[in-house]
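Listed after this line are the structures, all set down as structure tokens.
Both complexes below contain chain A, partnered by chain B and then by chain C.
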Partner chain A sequence: MLAPAAGVILLSFFNWNLLSDGRFIGLANFARLFTDGRLLAVYGSTAYMAFAILAVNVTIGLLLAVLLETRMPRWLRGFFRLSFLFPFVVSSSAVALIWRFLLNKDLGLVNFWLGEWFDVGRIDWLGSSFWAPISVIIVSSWKTLGFSILVYIAGLQSIPNEIREAAIVDGTNAWQRFWRITLPLLSPTVFFLIVINTINAFQLFAEPRVLTTGGPGDASRTIVQYIYDTAFGSFDLGYASTIGITLLLVLIVLTAIQFRVSRRWTFYE
Partner chain B sequence: MNSTLKRRALPRPSTIVTTVLTFAILAIAAVAIVAPFLWIFRGAISASDAELYELPPSPFPTEATLENFGKVFEQVPYGRFILNSLVVAGSITAAQLITCSTAGYAFARLSFPGRGVAFALVIGSLMIPLQVTIVPLFLVMSKLGLTNTLWALILPGVFSAFGIFLLRQHFLSLPRELEEAARIDGAGHVRTFFQVILPLSGPALATLGILTFTYWWNDLLMPLVMIRDVENQTLPVGLVLLAGRFSTGSLGTIAAGITLAIIPVLVVFIVAQRWIVQSIASSGLKL
Partner chain C sequence: MNRTTRTIAAAALTAALTATALASCAPSSGSDSGEKTLNVVFWDYGPAAQTGNQATADAFMAANPDVEVSLTPVAGENWGTYYANVATLIASGEKPDLMLISGEGAEFIHANNLALPINDYLESDPDAAALVDDIAPGLIDGFTVDGDIVTLTNAWNNMVVYYNTDVFAAAGLEAPSADWTWDDFKATAAALSKDTNGDGTTDQYGFTWASNEIFPGIMPWVANAGGNLTSDDRCEATVDTPEVTKALEFLKGLIDEGIAPAPMPMSDVFTRFQNGSIAMFGAGRWPIGTFVPAGFTSFDIQLYPSDETYKTVFGGSGYPILQSSPNPDLAWEYQKFTVSPEIQEQYVGTPEAPGDSIPSLRSVASTISEVGVPPVSSDLFYSSIDDHDTLVPYPAPAKYSEFESTVLRNLQLIFAGETTIADGLTTLQGELDPIVACS
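The block that comes next holds the complex of A and B.
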């Protein structure tokens, strides 16, 4: 498992293309990072999409999970839970293909219904640099939301009912109970979802590749796509490895920050 | 669970307005998630392509047909895609169940020199995603002459730091007394592992199996990198290939291809939903 990791570090010191074996070039690949304008642009769009997906999962996921915990017939709860989870087990490329049709500018159903109901013009979902990353955010959140909801439900169910009952006896209303009891007791779950969704969203590949191929320009390109393009499009394996190392460092730093900050707001019994 | 009983004893918190609002939000969300699949299923059995571009779409096709499904197999080696995906995801899942359970047990219960260091290395590699190491992996496979074969997809998935960690945590939660009792009865580590530990680990193994299978069944990056020939591709790439032939193929054919890819997942999903729900829920309680 660690051999490829050692390999990626080793490779980053080489100028290596697919035709010839590598030539040692020292730190030149690392120096190139600082002059590569595209790298910054791609990290910008990756971070924008990743944090938006994370925000949708953590907030809307919580809302739907709490709503699912209200009293309702068993079969209805099961139906909701299953429909929310289903996209999670379908492959990203199938999901992205379906949405490529739905978001089509002229023939897509999304623009059609938006036009019928809200009288807005046709949105160029996949072709404009403003809407393309938003499309990726929508589709990717649509796919992962069910996972977050389920994790939330597990967290909610692990909160002992006695605490809630005691709060009711004390005369609190539902709103107070949510903010003062449910949310603090749920904070480890929120933290887990933030860490997992960050890591996953920074590794996004299939959705932008199938939906928008990263365009227009680099507006919806993710860092994994950039690694793939550099390695297998421009055959620059050494530099692609160097970019891979930056992704690893970014993930480590983000996770470390999250763990550090979490001590201030997570609450363990 | 007796929590339903307890809930009934509580006073009703919700007014009619909040109840209606709750169900409205849930219903809208459910429709937004289910409707795209229904639209694709309908497209798959629609006889004319022109009808698919009709706006608004009629809920049922005027003429239903199964021809689109046949066309999928004519245009791309769809049977091979399914077979390849089954072989890759199936072998990786089987391999991980073996490697992760034995390694996890060793980390949980055996003491051997260097255990601490080895476990720290496993935990460290939890942080390194496959996407970071994809380039050296490709070079290793290419030096071994394995690119463009299914081995290039299977071998990188044989070990999993996540799987080892997941099963180690589970083994640690089993009472030690059971193993001590087995030892007194004369069983060694191997026998204890197979006859005492594994039979108690069904849910944990199912969790790992389901998560592993769905991950590798759906992966797009590895086959794109490792596989050149169309016949050796897996389903996710195959779908993109099918859709890429927009000029020759039709929307109905693509919809049929997507439907064919979704139906098996849907069946497994409905049959195994309880385990899937449990496995995801339990994966969330680890930090």
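The block that comes next holds the complex of A and C.
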């Protein structure tokens, strides 16, 4: 498991195009990080999409899980759980291909129905710098939401009924029970989902690649796409490895912050 | 990093590089045993690639019973990633004898000293002259780098305009003629663009082009405006020129005037063309391999319209002999076999299952219309390279994959109207300068 990681670190000190002999160049690849005009833009678009996907998963995932567990008739729960989980288990590329067809500006069904129902003009979902990352956020969230819901449901089912029953006896309403009992006891689950979804969202690849190819320009390009393009488009394995190391560091720092901050709001029984 | 860590890292790297070097020096099993073997690497883009390569290998083994051909399918979402994966294969110690490449890869494998030029074989092999005489000169030139002929072209595609004959008939339009101009083309495309359901927005467009490839995308327009994306020696980017500007202004104008939709990837174009929501698009012969088996035959082809000039934009494929081959003479026989009439006939196909590229041999290509393979104007495929100027050398520098992705990334901004054509091309020129430069 450590060998590939060690290989990446070693490669970052080399100039290697896969075909010629690698040439040791010291820290040149790391110095290049500071002059790479696209790197910051790509990190910006990655962070924007990643945090949006994280927010959708954590908040809407919780809302839907609670609704499924508390408001949905028992006989319908299985159907809806399966429906939400289905996108998660199908191929990302296949899903993105279908969405690309639906989101086409001039001939896509989404704009057609938006026009028919709401008289909305055609939105350039995949071609504009404003809408392209939003399309990636929508498609990626739609795909991953089922997993978050599943984890939330497991967390909800682990909360002892006695606590809720005691609160009902004490005269609390549903809203109070959610904020004072359910959410605090669910906080380890929320924390788990924040960590997992952050890491996954920062590694987004297939959806933007198929939907928008990262464009227009770099508006919806993710850092993993940039690493891939640098390695296998530009055949610059050394610099691609160096960018990979920055991603590793970013994820380590983000996760460390999350662990640190979580002490203030995570409650364990 | 402390001294111990540095030592371990250096040792690990040395071991890895040594292992790679040793592996690449090791003889293949075929040479060890004295058997005649050939290892052929091909791009495994789908079942058609597997079937076609297997058929060629089987036919070669039938004709040469003492030879064992092993095929190595290599995945890749496009030619660029395929090359990267082959490079990984070679770096891991594999020693293929031949590998399938496209014309865009000729400069790449030449610059990396991967291919064994075939000039000497062409001069010394008594069969070569007859073969070369039956191949359009442009197809030889397309695989020539600095005087080195990298490979014979086994199959190729030129860029032509596909038009939906049902949509043309419904609009009361005649089939376009070969001498049409950009103005004629625009008038035709405008007449085909309609609001068919009366909701106030266009839902049938006259034309579109692929957003994910430059050859069936902008290149025919750039070439016919008299421009190119690189200099003839492929050492300098030439995108901030009046010719390229003119081509992009024409295409952007089609979008702005509602004659073309926002550009989309080629696979999406196929579907829209078959259902009639796009009346014309540009591609090589490969769409026929999708259209006809799906039962769609209401289409024909025509040359791209001319402007300042007309140049046929084309791309080919071939099986160059690799420097790593332990059996270059046998590999040459295999390469020659891929352009033999027996194999070339595969690319003709049948009316029900047509080939998806054009045979390199003129004598075989001329049978496409005789066999009755759609479309009606199939003879246009070969005549376009025999009777017209061609875009040679085409813009395929050694770093083609990076070159194409850079062009496409900047074109997205131009066609989305997020930058002006002048500013977009200036930025693109700046980005391409270090990519196209020759060392």
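The definition used in the following text is that the second predicted complex is superposed on the first by the 264 of 269 C-alpha atoms of A that agree within 3 Å, B and C clash if a C-alpha of one lies under 4 Å from a C-alpha of the other, contacts with A are read in each partner's own complex, and residues count from 1 in each chain.
In this text, a residue touches a chain if its C-beta (ideal position, glycine included) is under 8 Å from a C-beta of that chain, and two chains touch if they have at least 3 such contacts.
Since the structure is predicted, the reported quantities are computational estimates derived from the model, not experimental observations.
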Clash or fit, chain B versus chain C on superposed chain A: clash
Partner chain in contact with A:F232 - chain B first, chain C second, else both or neither: both
Touched partner set for A:F101, first chain B, second chain C, both or neither: both
Which of chain B and chain C A:P184 touches, first, second, both or neither: neither
Comparing the two partners chain B and chain C, which touches a greater set of residues in chain A: B
First (chain B), second (chain C), both or neither touched by A:L109: first
Partner chain(s) touched by A:L193 [first = chain B, second = chain C, both, neither]: first
Partner chain in contact with A:D124 - chain B first, chain C second, else both or neither: second
Partner chain in contact with A:V224 - chain B first, chain C second, else both or neither: first
Chain B versus chain C as contact partner of A:F147, first or second or both or neither: first
Clash with chain B, by chain C stretch, listed 3-11, 39-47 or 255-263: 39-47
Doubly contacted residues of chain A, that is, touched by chain B and again by chain C: 7, 10, 97, 100-101, 107, 116, 231-232
Touching residues on chain A, where the partner in the complex is chain B: 1-5, 7-8, 10-11, 16, 63-64, 67-68, 70-72, 79-87, 89-94, 97-102, 107, 109, 112-113, 116, 142, 145-147, 150-151, 153-155, 157-158, 161, 165, 168, 173-174, 188-189, 191-193, 195, 199, 203, 205-206, 209-210, 224, 227-228, 231-232, 237, 240-241, 244-245, 247-248, 251-252, 255
In the complex, chain C residues that touch chain A: 9, 12-13, 16-17, 80-81, 84-85, 87-88, 90-91, 112, 114, 199, 201-203, 205, 212, 261-265, 267-268, 271-272, 277-278, 399, 401-402, 405, 408-410, 412-413, 415-416, 418
Residues of chain A defined as touching chain C within the complex: 6-7, 9-10, 17-22, 97, 100-101, 104-107, 115-116, 122, 124, 126-129, 213-218, 229, 231-235
Parts of chain B lying in touch with chain A, wherever the complex brings them together: 3, 6-7, 10-11, 13-14, 19, 22-23, 25-26, 29-30, 32-34, 36-37, 39-40, 53, 55-57, 121-122, 124-125, 127-129, 131-140, 156, 159, 161, 214, 217-218, 220-221, 224-225, 235-237, 239-240, 243, 251, 254, 258, 261-262, 265-266, 268-270, 273, 276-277, 280-287
